[in-house]
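The structures come next, written out as structure tokens.
Across the two complexes that follow, chain A remains constant while its partner is chain B and subsequently chain C.
Coming up: the complex of A and B.
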């Protein structure tokens, strides 16, 4: 049987998380806002209006370009892409064509098998979004809220080789976008949109076969499923001796099937020309330097450093660098507790992550600062509190915002290691529960756990559990 | 002399001193409108009547009540000791290509006939904030596409106040006709290829196209976005200076408006021309055009009376101490129209995309089968002939397969034209000119319907004005006499980037030196008639 490989390129549209739109001062994010509430003469294309470039859009785009290792152009131009559609109020989209903001670039995507796929970037430019059209009982309704929302269009080379790789690329891209703080990158909210170009060929071949384009996929899972479905379809077609035609397909998520969209009769001529209403984007060296000050260590670099510098397992490093503020939190904690980074990682992975998931907060938003976390770990290390109390302190600190030590003192949570006090409590329990004592002495020694539990309850968890157990065993064996 | 015939400067001065009220000036002007303008341009009129042929028809919408409120406000502020600004009580009109909040903003087109703008164009706003009183919106060629004002969908179209059988020129013909007839001392026009200067020449008024970016385009319904310049129309150089001072300057709504500081134009007005170097170019003394049938280049000298007026102006300036430099080469002048033909149409076709019947303006009342049908019928019915021609040509020359051959080439020609100007104005070059003196137009006004319909020939009315739009440099047209038919002749001064002050200074010197000439005492026919 013939071996096939898939050749996949992804075309992404990334919604930047600026306050205002790209060419006017309307609010950019209209999620949850009623239709046509964040609009003005400029973004609805009234006669006579002119666009004015939002500098923050250029800065965020340049930051992304730098993170993609693309070459930022000192001069780039806006162009008009002309076409008619009701949700495009000017009848042209302001985009960039032959002189985009950045050229080249790549993203290294680590794959689950430990290898890395370098995905090249063919195109990275700034453009404005169009509005939304929806059909309502034979009427066509238009919401202009999204008109003029800043987008980056980023197109990869045909470098991905499986549906899984396509998903991995998007996961890493989403991570990077959030890491840089340039986009919320939420596919469900269309902050990150993806079209996939898919073709297949014999393994080892270096030519490209006709491709199909899959549109309307709005989650990473959907991209993976849609691409996989299309790869399988193409293999079936080729095996059956048929040719692959350059269709545009639409993914029906509910039915899990691809549907053919109306074929484009001919490639549309957008009659691109320079936007005369806008000046070229000049990025001076000084401005670029200012922008790049904001360029952080990138997630994959940090992941590698966590492994080499702190000796973390790959699993820990991957999770800790999944999100920027968590990784910053980790580093801040390790700086205060340099002796055992893995111990810090365990606290983060086991307990802090739970708190973050439950609260929906970012690590940086916790009242339980790295400083407080380390104080708790040290209280446990010193035997001042036991591990259980230590873990319960996490929530208490978060709830109150107080120092862990302060809470321990105020609530008298310090561990009781005083043999006399524990013995006294143990004797009370033994005399108060003659039935259980009898059962124990008749051989049901598993009851020791019950006795320890009683004692811990009596001492409100402060007793050193090891000590409690040995004293109880001693009293019960008498 | 009636209040409406006073200059803007005189009106503002009298109003400031409270010798007359803004309201009195306004009422005198409205009275003049009622006497000379006839019925306003409107949709649905197929034929004009013989009676229409006696009137100017500058207006599309006269907003008298709005103006009265503004005039009373100016008077109230003056009574309260406030200064309403340098245009206090000065009535002005606005070419109906600018949007003004709450007024119809039609562009002279059926497709925008019902459009009422929710915001005001920056230059209009600045004039109103300076105390100016907007009388209303005046007619123009549809979307400014023309040089005679005959292409407006709003009929009757404007006529030349000097002789209503003649066109006022265009596309700011409503503006220049209104100013010439005393219907407002000032008007805000636009110039894309000569659309202020050419009708100013035809109507015997002062018209200035400032440097590209000197005046904000925000609120100007776009034609050729890289060429369009708002500018003043006035009866005197001083008034043009006054108006330019108000409308010039950086606008945060227009990224192409420049940050170059606006000089005090008035302070240099009376500095004279002694020592200034003023050039004459033979390339501006002829027109060259393509024979539409054979494709051959045909060269014709300009009208001898126009040429004579230009030479006479050079003599006047020489007598005032200017140095006249003859034979200045401007070798790419005759490519101006073909390059303009391509560039302006590519931009225009794109700029017209937004008129689709979806959001505002005209929508076909007929049944439509689908979206394409809606577009096709709306645009087919809403646009007149001139927009349609520009869309067709614009789509053609910007199509992927032709763009290199036409559009890209036209852009190269444009930079050559720009280089012509850079060469002559270069302060360390061979010519070191302060200004180039040229005729504004190859002929004086033509009669109604004489040229209309021949869109190629119509373009050549702009051959001497369009190079400044390509190059972005400023130009001013001044009245320089009347021809034997009694029609005004215009001369033009072109300058380097931001040399408006120099052009105004030269214009003022010329105007003052010729104040006593006989032709200056003549009035436009429609005004003369009132005295009888």
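Coming up: the complex of A and C.
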């Protein structure tokens, strides 16, 4: 059996999260808005209008380019890409062609086996989105809300080697986009769209075989499945002595199959020319420096630093840097509790992550601030509350917004470490349950857990469990 | 070295001296124009004349002259990112040939 490897490149369209559109002041995000409610003469291509570029689009694009290690061009141009389609009211899309905003660049993608795949970027430019065509029983209805929404088109080199790597690239890209705050990067809402170019070759070969292009893949899982399906199909074809033709395929998510799309005869004849209505974008050194002030420490850098600086396991560091505000939260908490970063990490991974998942909030939106979390950990450390109470405090602080110490006082949650009080409660339980006491004394010592449970219930969870256990053991062995 | 008889833009290389009939048909197709045989012949002639003229300009030595994309001061004005209401729907739909469910309705198109 011959060994094949897949050669995959991804073309992504990233919707920037600006307030307004790229060349007019209409609201950019129309999610849940009725059709044709965020449109104006500019984005619907009425005669006599002129586009004016949104400053923040250039800034967010430059920020992303810098994070992709691309070379930001001091001068770049807009071009018209001409084609006719009903959802493209001007008859051309304003894009960039031979003088894009940035050149080169790469994204490092850590792989599950511990290695890193460096994925090169072949193309990174700004463009406007087109509208939406809806087919409704043979009728074609057009919604122009999406016309003029700012996009970054980013195309990778043929650097990915498996369906899983393609998925990993998208996961890391999505993480980066959210980290930078340039896009919501929600694939289900089409903020991040992906086409995949797939071919196969013998392992170790350095040439490229004809590729197919898969369109309409709207989730990371779908990209993985569609690419895997196509790799397997190409291997079957080649094994059967057939040639791979440069088809365009569409992924049918429900059926899990790829369908061949009809190719347009005039495809790729877009007759690009300079957009005469727009002047070139000049990014001065001063402006670029201003933009790059917003460039944060990137996720992979922070992940590496968490491992080296705080001695965290890779697993912890990866999860904590999965999202920027969670990693900021961790650092703020560790600054207040520098003696044991791993202990802070455990509280975040075990408890805070659950709260975030349940509430759908970002770490920065919690009322349980890093300050309050550390206060709870210290209350547990000092033995003021036991671990169970400490964990229940997390939700109480989140619900009330009050300081943990305040809640402990108001609700009388402090751990009972008073031997007398615990002994009294233990004696009551022992005398009230003669049957259990008898079986314990006959050798069923596992019942100790039940006795401790009774005592914790009696003291509303406040007793020091270790102390309770030893007192109970003492009473029961008498 | 510049090749004689070609206009060489950054985008396409068009043989200037005689545009073929097929090229005229292709351009018409891209512009979604249906031309009669007489029109094709006429446009072939006219477009060839335009390209011939461009070819003459190509004879100039522009080796050390940067391309001119615009004669205006070369810096795009930028707009703050502040959304404003656009046009009311009824205003925008006024000139539409056909509308349905607050959307523009278009005839079926070839995919």
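In the analysis below, the second predicted complex is superposed on the first by the 472 of 478 C-alpha atoms of A that agree within 3 Å, B and C clash if a C-alpha of one lies under 4 Å from a C-alpha of the other, contacts with A are read in each partner's own complex, and residues count from 1 in each chain.
FYI, a residue touches a chain if its C-beta (ideal position, glycine included) is under 8 Å from a C-beta of that chain, and two chains touch if they have at least 3 such contacts.
Keep in mind it's a predicted model, so treat the numbers as computed, not measured.
A simple residue count on chain A separates chain B from chain C, and the partner touching more is C.
In the superposition on chain A, A:412 contacts neither chain B nor chain C. Shared-chain residue A:44: touches chain B and chain C both. In the superposition on chain A, A:25 contacts chain C only, with no contact to chain B.
In the superposition on chain A, A:269 makes contact with both chain B and chain C. Using the contact criterion defined above for the overlaid structures, shared-chain residue A:34 touches chain C, although it does not reach chain B.
By the touch criterion stated above, A:84 is placed in contact with chain B and with chain C alike.
In the superposition on chain A, A:278 makes contact with both chain B and chain C. By the touch criterion defined above, A:52 lies against chain B and chain C together after alignment on the C-alpha atoms of chain A. Residue contacts after overlaying the shared chain place A:92 against chain B, while chain C stays out of touching range. Residues 41, 44, 52-53, 82, 84, 86, 140, 142, 269, 271, 273, 276, 278-279 of chain A are contacted both by chain B in one complex and by chain C in the other. Chain A makes touch with chain C in their complex at residues 18-20, 24-28, 34-41, 43-44, 52-58, 75, 77, 82, 84-86, 97-98, 134, 138-144, 261-262, 264, 266, 269, 271-274, 276, 278-282.
Within the complex formed with chain A, the residues of chain B that make contact are 98-99, 105, 107, 112, 115, 117-119, 121, 217-222, 224-226, 252-256, 346-347, 349-350, 352-354, 356, 358-360, 371, 375, 395, 398-400, 403, 407.
Listing the residues of chain A that touch chain B in their complex gives 41, 44-53, 80, 82, 84, 86, 89-92, 140, 142, 269, 271, 273, 276-279. The touching residues of chain C, when paired with chain A in their complex, are 10-12, 26, 29-30, 32, 69-70, 72-84, 86-87, 89, 92-93, 100-109, 111.
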